[in-house]
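As written, the chain order gives the labels A, B, C and D, with residue 1 at the start of each chain.
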Amino acid sequence: MQETTTINNNFKSEEYFINMGPQHPATHGVLRLLLTIDGEIIKKVEPDLGYIHRSIEKMCERDSYQQIVHLTDRMDYLSSHINNEAVCLTVENALQLEIPERVKVVRTIIGELTRIASHCLWWGVMGMDVGALTTYFYGFRDREMINDIFEETCGARLTMNYNVPGGLMWDIHPNFVNRVKAFVKHFKTKIPEYDRLLTGNVIFQKRTKGVGVLSKEDAISFGASGPVGRGSGYSCDVRKYHPYSALDKVTFKESLQTAGDTFARYQVRIQEMWQSLSIVEQLIDNIPEGEHRVKTNAVIKLPKGEFYQKVETARGELGVYVISTGTKNPYRLKFRSPGFSNLSLLNHIAVGGKIGDLVATMATLDLVIPDIDR
Amino acid sequence: MTNEALQKLISSWFPNPEAGITPEPIQVSEGEGIAEPQEPINPSLLEFTEEGSQFLNVSVKPENLHELMTQLKASNETSFDYLFCLSGVDWGTALGVVYHLESTTYRHSIVVKVKTEDREDPNFDSVCDIWRTAEFHEREVFDFFGIKFHNHPNLKRLFLTEEWDGFPLRKDYVDEINMVIK
Amino acid sequence: MSIIEMVLIALVYLGIFSVAGLFLVLLERRVAAWFQLRIGPNRVGFQGLLQTMADALKLVSKELTGTEKADKFLYNLAPYFVIITALMALGVIPFTKDFQAFDINIGIFFLIAISSIGVIGILLGGWASNNKFALIGAMRSGVQTISYELSVGLSLLTMILLTRSLQLSEIVEVQKNGWLIVQGHIPAIIAFMVFMIAGTAETNRAPFDMVEAESELGAGFHTEYSGMKFAYFFLAEFINMFLIAAIATTVFFGAWLSPFGITESIPWLGVFWFLLKTLILVFLMMWFRWTFPRLRVDQLLTLEWKYLLPINLVNIVIMAFVVWQNLIIQF
Amino acid sequence: MSYFSNIFYGIKTLLTGMRVTGKYFLNSRKGAITQQYPDNRGILKMFDRFRGEVIMPHDENNEHACTGCQKCEIACPNGTIEIIWDRGLDEATGKKKKKIDQFVYHLSLCTMCGLCIDVCPTDAIEWGQNFENSVYDRTALTRVLNKPDSKIRPGVED
């Protein structure tokens, strides 16, 4: 650790470094932040990454396209289904496969449930980061219900790997529809409770309003996406601009806030939960009958060329960029992960705040470290 | 704007001074997704293609990169203000960087590609003064491909340690202990 | 009182309250669990009653670790500062008419004085551990305790206008005509609210747990403490919480007096009433802790200097007016 | 005046929050979401599709359905499955035929992606519901899925 002393305006001001992480409770994983602090005020934040980098992009270059899908579970594990979907959509678009409507609808429902589950966890952790520990358990209670739905249909709770290029691994479980309906009914009573417990709380509002302000121009320039971008009034919902799966058949509102502070990002996520619920409700009653999978070749070879697919994960825009040379492996596969771009703006919005502000800001960036350290 | 209109506009920014004279043969390495241009004489310093990609692809020489990027962002007709993906690619013989750009006002996209044959000391201009997100993405590319970016404020390894030997995402990288090759 | 007697009483108090503190920890854990849809510790002993005993035993047997360049003397001294002051303050609390170890005529004053010594221990601990997180925690603690001391003192002063005595036994005596919170009505209720907020802040509990703030500072001032020394800090926190509740009970809710004098004929039941009232207040503090987010350090000071202190000062004037005009409600 | 309305608004929101947690406190008896895990083993049932480990079901004649086609081995991203195969005489036809000697499954490498079960043409392997996989020795995680002396069920062809 270095020590520096700077002298400004004849006042001796001692800045010092502290290491936040890699085992710090607020960094939600193994992220290390090198903080330059003057008293309590943050002067500089420098992230140090790579503690769990597995080089998934390199692994993809040797794996077949079916095998790549399960690796994406391990990136942003909170939106694993959407990550899987991104890879599958890339492959399907490249092969120009006609995907059955049933698959599209089921993918969208599970994708939106994933988003709700991710936001539930985020809400719990957000509360915990600002000091209200109870929210964590309430958030997890609701998330468990979704995880049970997933487990029944996909067999796993977190790393689901339910998508395969060409459709879904299995058809949905017979209980799926009823369980989802029960969850929607349950969760509609819980979001208002979230609001009463945390959103309306005067301490919480004081902690988050005007903290970590990100302007719209900066949001675009920093490549912010997802709720981080939308909290700054930057309309960036991939589901609106480049709809995929069954998202072109549903109506939903893109939740936008203009303040750009921590509270705005918080509210965007709360509204997103409502919107996701409404998408699920629109689709759950009319899942079309049909095949759950189209047959693909055992060895999938993508045509020569470049393919790019964007999806909206719970954290923002995930891009899959495949360069294919016509073989069974991709020549180069790049994941444009939302967390990576969102992390890059942390220094910009955290400087000038206090340590407590940094923690609250980081909570609304909703970083998942494996997503950054791919 | 449509891809044709974009192509017309952007190519007019960089007129080829040698247009009319026999153009240099363009090196196409193996495994590259870009075909040779159709016209025998390219009126622009840039090469455009839409083959094998859903976007309009522009290939640019390293010395023109920064100027082109500045124009793409600043021009009112293009206003590519959102750099949504910046990837390093090892083309086998050449190293390159691929920029995916989108305009948040017009919602059109473009892909800019730049490459260099120099594998020992590959150099490009940094674009992080144009899009600030490039700062981290360029560090990532530097970390995994060893491509250096001029004028980058903080170009050092991001994921790997300073003493890491080699650049893992290059095709010729070998690590017999940790890499499992099927 | 002879020296031997004093030592004996001290030892008895030490024994009782160390164990009582452990049960307070257990209570906190169970209450937290019930707030959070959990069950809480229920394995060790009947319904987990021995859980914290087991934890204490574990902490005693743990290795004491510390940082390399810590100021060893101060580092070791700090936990004792905290635990001893917490236990000392218990000496003047009137549990029932005869169950009060030390009835001095400046009782309230003594309590305020002793409770502000505890912060020195925290400051020392944070400073001497040679850890920056601990140092930040300790500095926050200093800022926080010095500010909130004012509110604690002033809100108690408001009530002393009513009792006209600092001696705790006399304060209880006054309340035979109605608890002070009833006697003093509006200003007393305001004083009680201010006292509870400031008291929570004094004990460094959520929502004022800036000192520990586990999502910001890891563990704050006791980051580098382990084993028994950590246990001292931990126990002191709970005893302090008990103390704040006990002071509130004594000053606002008639200490060991039963409601409407229903059990006046059985004096030893006073302990029951005292503990009941105290635990209700302790529960209130736990309820705060498991519901509210934490304040930021500057907001903490804003709350004190811009809200609590002016309210308090006005409240004293109102109380003085109430006493002067004899608007007291007495039965 | 906003000074006082701020205070009252603040206190109101705090009390609203306390009402939420207070409600849960009063209902804590029935609302607890804790799973008392080792105690509830008896009633703990995993979902049918739960991915615990890969198993190879054998019928009462000690016969399985694995033809040794090695499709699962190729599909596996991690090298979890190794099939040691042999050529043996087929009793029915008298021709030489590929059969498995050992179906080795390294649980410690498995990521539970399900690709092997997905590609299996004869449904010889499937998901087991066991999730208590901790062992004292790492080698215990390497398993041979076909039972000793088991053979392929007649009629199963690839």
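In this text, a contact is a pair of C-beta atoms (placed from the backbone, for glycine too) under 8 Å apart; a residue touches a chain by one contact, two chains touch by 3 or more.
All of these numbers come straight from a predicted model, not from anything done at the bench.
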- What chain lies farthest away from chain A once each centre is taken as the mean of the Cα atoms? C
- Tally the contacting C-beta pairs at the A-D interface and at the A-B interface, and name the larger one. A-B
- Task: Averaged over CA atoms, how far is the centre of chain A from the centre of chain D? Could you give it in whole Å?
- Result: 26
- Quick one: report the Å distance separating chain A from chain B, using the average Cα coordinate of each chain. 27
- Taking each chain's centre as the mean of its CA atoms, chain B sits from chain C at a distance in Å of 65
- Hey, how far is the Cα centre of chain A from the one of chain C, in Å? 43
- Item | Two or more partner chains touched - positions in chain B | 182
- Task: For chain C, write out the residues touching at least two other chains, lowest number first.
- Result: 35-38, 290-292
- Task: Could you tell me which residues belong to chain D and also touch two or more other chains?
- Result: 14, 17, 20-21, 24, 33
- Query: Which chain pairs here would you call touching?
  - Reply: A-B, A-C, A-D, C-D
- Residue numbers on chain A that touch chain B, as the complex places them: 49-50, 53, 55, 57-58, 62-63, 218, 220-223, 225, 234-236, 241, 303-308, 310, 317, 319, 321, 323-325, 331-332, 334, 336, 340-341, 343-345, 348, 373
- Task: State the interface residues of chain A toward chain D in the complex, per the touch definition above.
- Result: 63, 66-67, 69-71, 73, 134, 137-138, 140-141, 144, 151-156, 159, 161, 164, 169-170, 173, 193, 196-198, 200-203, 205, 298
- Message: Residue numbers of chain C touching chain A in their complex, please.
- Response: 32, 35-38, 132-133, 136, 206-207, 209, 213-218, 290-299
- Query: Which part of chain D faces chain C closely enough to touch in the complex?
  - Reply: 7, 14, 17-18, 20-22, 24-25, 28, 31-34, 36
- Note on the structure: Counting only contacts in the complex, chain D reaches chain A at residues 9-10, 13-14, 16-17, 19-21, 24, 33, 47-51, 71, 75, 77, 111-115, 118-119, 127
